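Pasting the structures in now, so scroll down.
Look at the two complexes coming up: chain A is in both, with chain B in one and chain C in the other.
== the complex of A and B ==
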């Protein structure tokens, strides 16, 4: 249990509690044992495949290429062939309804241990959705809510057939950009058709050779790709660790560029608002004070935090009570909280004007399509209260309540949960490879859809199940999920936490009522 | 009734073993191979224990008895 507040007591206006509990030693030993057995059998199967005792179902080199440099011998391919394939049925599950709080799943079975699948034709209805990034519940099919979207669809159609710089800038884009700028409280904003491409295509436009990028250890692939494409020097600091960041900043300023020791042209810090695999929130006040002291720039990727944290849903900047002028480049996506697709970059007018001319995305990528832009406009107007109702604020509050309830109950039950108490992304640690498959399959049997994450996306010993709480989840749905988790946690022995609070809070509540009488 | 809960408990223990050693993920022939190897190892260890442990234990018992036994005789002789 980490509590912040002593060293930088004046920077944080409310307590910042994050949990990254380590599991007991026997868990790590058993995890390695499981991977050991899996690896031994992996080698056995590879041997059988190489000597023709078993059919080869996965990509191999052609006969003529056997003497070339081997393509599929590295660990990633070995892992994919032998461990991932065995539990592959828990990913890429096709759904056939809107990914709201509940969805319909197409049932599929495998006859040859997950190498091929076939659909039985049946549909599993009303599976509780704990995996979609539907934080505010805007992924809905309610006709009244989507009225403006349908009119825009009939007015504009779906295709743009052009890039922003040619003929692809519609009045809808201008309206959306003005609305985004007003929502965030900045001068100007620019929207792009794809969230991943927003990061990977705009970072190369902002930094180049001779610049320094300081990026967090656990940044998303889009940020890493954008940083690598830019050609700048990249240095990595430990996750959310301000001492590490300050050391890097001091070294950068004292020693300059590697061989010539000239000053860096630009130093930019890449962080995310909420990290989607850990559920941790960035320590923004400390980063901003560091950036002001050492004169660096800050690029904040609010993909998961825009709409999800903050009193009115305006992201981590509002969550910490800071002004949006402190962050140089505010980036976010509309995929998560707004039920649409695409991303934006917001900031000072000079920055956005520069990006309009120099971004790869603006020059080459198709712009956002009009019905999607209208969906974002209506969601944002709902959030800001411009449609005359308080529905937006209610959604944000409901999300906050659901998040706190879900996290509190999971802590009480004794699971190891990572992340900040206020983040709607809840990773539940599973550790052992055998339990990944068992957990996902049994949860589906109980009609709950979860996302489990294993090796390439997380460290090899820390596989987890990641829950995304939504404002559209009712208390009954969350209770169903929690009861199922309780049962499954006892059956699979997942309650590793050594700090769990009372395991029977109902008794505690009863005694309190008695006293009040 | 006790047998039923005992059976359930044993089944649950077997499930835990399967999960921890990843044999939950294996195909049936792999499971057969793995369990055969495990049981063979276990039987070998138990058989070796059965043959050698009583011999070792009695030798150790003899050694300690002689050590303390001799001391007892010595003290008796000194007092005399």
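== the complex of A and C ==
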């Protein structure tokens, strides 16, 4: 249990509490045992399939191409065939309504143990949605809210058919970019059509050979891909660990490039605002002071944190009370908090001008489509209060309240939750492979849709269920979910925590107030 | 220790970005006001649009817009999640089925961005140590996909089958020296149906012959030829009358003829299903907004109901080519 409170007092203006509790040893042993049993049975079934004792359900190569080099190695697919296939029905669940706080799921059944699925035609209505990234509740179909989007769609159509540097820059894009720059408090911004592509196409434009990238252990695939495509040297520091980062920085400057010992051209630190699998928030004040001391550059990916943290939803920069000038490259996506699609990069005017001319995306990739741009504009205006209401601020406050309530209750119940107390991403640890399937299926039976993740997205012993709290969730919905979790936690024995908070919440609140003095 | 502190003090990095001159040609974009259709208003002036890839003129089609409006009312704008975590809508499944049926393949998979389609498809199959033969004039998205895959790239001269055969023969002699390694090295040829950089069509029948002779798989990128070539718009395979199962993977983006956003890959289930777990742009990115998927379905409907538009497009192209060549 890590608590970093007042001891870092000068840098942090409020308490920074993160939890990464370790489960008791027997849990790790049982998890490995579970995987072991699964693997043994996997080998047995592969053997039976190879000898024709069991039917092969998987698709096979064409007759005419049987003597080509095999496309997949048998071993690569071992995990997919034998372990993932058993619990495959918990992913890719199709929905048929807006992904708001509640949605409608299409019921699907399997007759042959998850090899194929069949839709019964029935729709499961009003399933509580704890899986979609709908932090501020902008995924809505209210006619008034979508009025401007409807008119823009009628005026512009859906497609663009051109890239930014050709005929693809509409006046809508210019309006959106100015609004994003104003929202974040920076000089200029540029928007792109896809969040993933924003990272993978702009990092290569910013760094090249001879530069050094220091990237966090748990960075998202898009950051890793962008770093690899750039051709720079990549070094990884332990997750949110400032000592590890400082050691790497010192070694880099003192010893230079690996063989020639020439000085590095630039050093860039790649971090995310909120890490989506852990729920932890980046230690921004410490990183900024390190960056200033060692003259490195900072690239902050706020995919999950923009709109979700901060007093007015401006992201981790506002959460820590810092100025956006401290971060060199502010990047984020519009998919999560704004209910649209696409990404942006913001910062000083020179940076954005450079990206307008040199980014791969501006030259080769299509720009954002107009109705999506309009949705972002209206969501941002709502957040900034420019539409004349306080709805935006209310949403941010509601999200904060929901997050704190949800996390506090889960702690009290005795589950192991990772991450910072203020992050709306809540991972609940399940550990054992069998519980992944059982948890997700039983929650669906209670009409609650959750997201479970296992290996390879997480370490092999730390499978988890991940909840995304939304501002659109009401107290009743959260209570329904919490009661269901309580029952299921007892039934599946998921309450591993050895440090459950006291069940007298008034006393706990009091002591917290004292510390915040 | 004193020395180390001095080194840290002295080190000066380059500026994050080099300064861009104010008159750089690509700096000031042409701003289009209003819809980017055939008559387009650029920087305040009205012009005839010969610059967008709006081949079938579906950008301002009323039926497409009303389908998108209906979808907007039902689903809102964004999907708020990747395909694996409640981001799969029934419109996505319907679009995948329709595309597979239209192209007469077993299965299709949709990506939310055209660039990401081929750039995620290639690294899903071709890994370090595999060999890819690619045309010199391949588009940028293919180049990025190849770079991400870390395979051995062998370039052959644009549309030159003799050069490709020479490279394949060289590879064959290499294989005979090390048969054990050759048995596990996968080989691919990546070509485009209609090249964006030069405007030619690839010689597909010869490629098929080479495929079976040297046992190489073919990945065909049909961004520009989908909805343009072929009697019903099915692309370069229909143009040459080739059995579509002979091509291992067809990848296209919906941003040209279909006037939507996104991309798709189609082929046999054996090949396409693999991308559902290992296509990076598919698993780690939010899915296509449903209004764009609905627009694409409506555009497909129009393509299927009016096959004469392809003939119209072809006759107009021939007229322009003849007029320009004098």
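Going forward, the second predicted complex is superposed on the first by the 479 of 517 C-alpha atoms of A that agree within 3 Å, B and C clash if a C-alpha of one lies under 4 Å from a C-alpha of the other, contacts with A are read in each partner's own complex, and residues count from 1 in each chain.
As a working rule, a contact is a pair of C-beta atoms (placed from the backbone, for glycine too) under 8 Å apart; a residue touches a chain by one contact, two chains touch by 3 or more.
Not measured: the values here are computed from a predicted model.
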First, second, both or neither for A:196, with chain B first and chain C second: second
First, second, both or neither for A:449, with chain B first and chain C second: second
Touching partner for A:158 - first (chain B), second (chain C), both, neither: second
Partner chain in contact with A:360 - chain B first, chain C second, else both or neither: second
Which superposed partner A:33 touches (first chain B, second chain C, both, neither): first
Per-residue contact with chain A, leading partner among chain C and chain B: C
Partner chain in contact with A:435 - chain B first, chain C second, else both or neither: first
Sites on chain A touched by chain B in the complex: 30, 33-35, 37-38, 41, 44, 83, 86-87, 113, 432-435, 437-438, 491-493
Complex contacts: residues of chain C adjacent to chain A: 4, 7-8, 11-14, 16-20, 24, 26-27, 29-37, 40, 42, 49, 51-54, 58-61, 64-65, 68-69, 72-81, 83-90, 92-93, 112-116, 119, 125, 139-141, 144, 147-148, 182-187, 212, 215-217, 245, 255-256, 258-261, 268-271, 273-274, 276-277, 280-281, 284-286, 288-289, 291-292, 295
Interfacial residue positions of chain B with respect to chain A in the complex: 12, 15-16, 18-27, 30, 34
Of chain A, residues touching chain C in the complex: 59-62, 64-65, 67-73, 80, 84, 91-100, 103, 106, 129, 131-134, 138-141, 143, 146, 149-150, 153-162, 164-171, 174, 193-197, 200-201, 206, 220-222, 225, 228-229, 250, 253-254, 263-267, 294-297, 328-329, 333-336, 338-341, 350-351, 353-357, 360-366, 369-372, 375, 449, 451
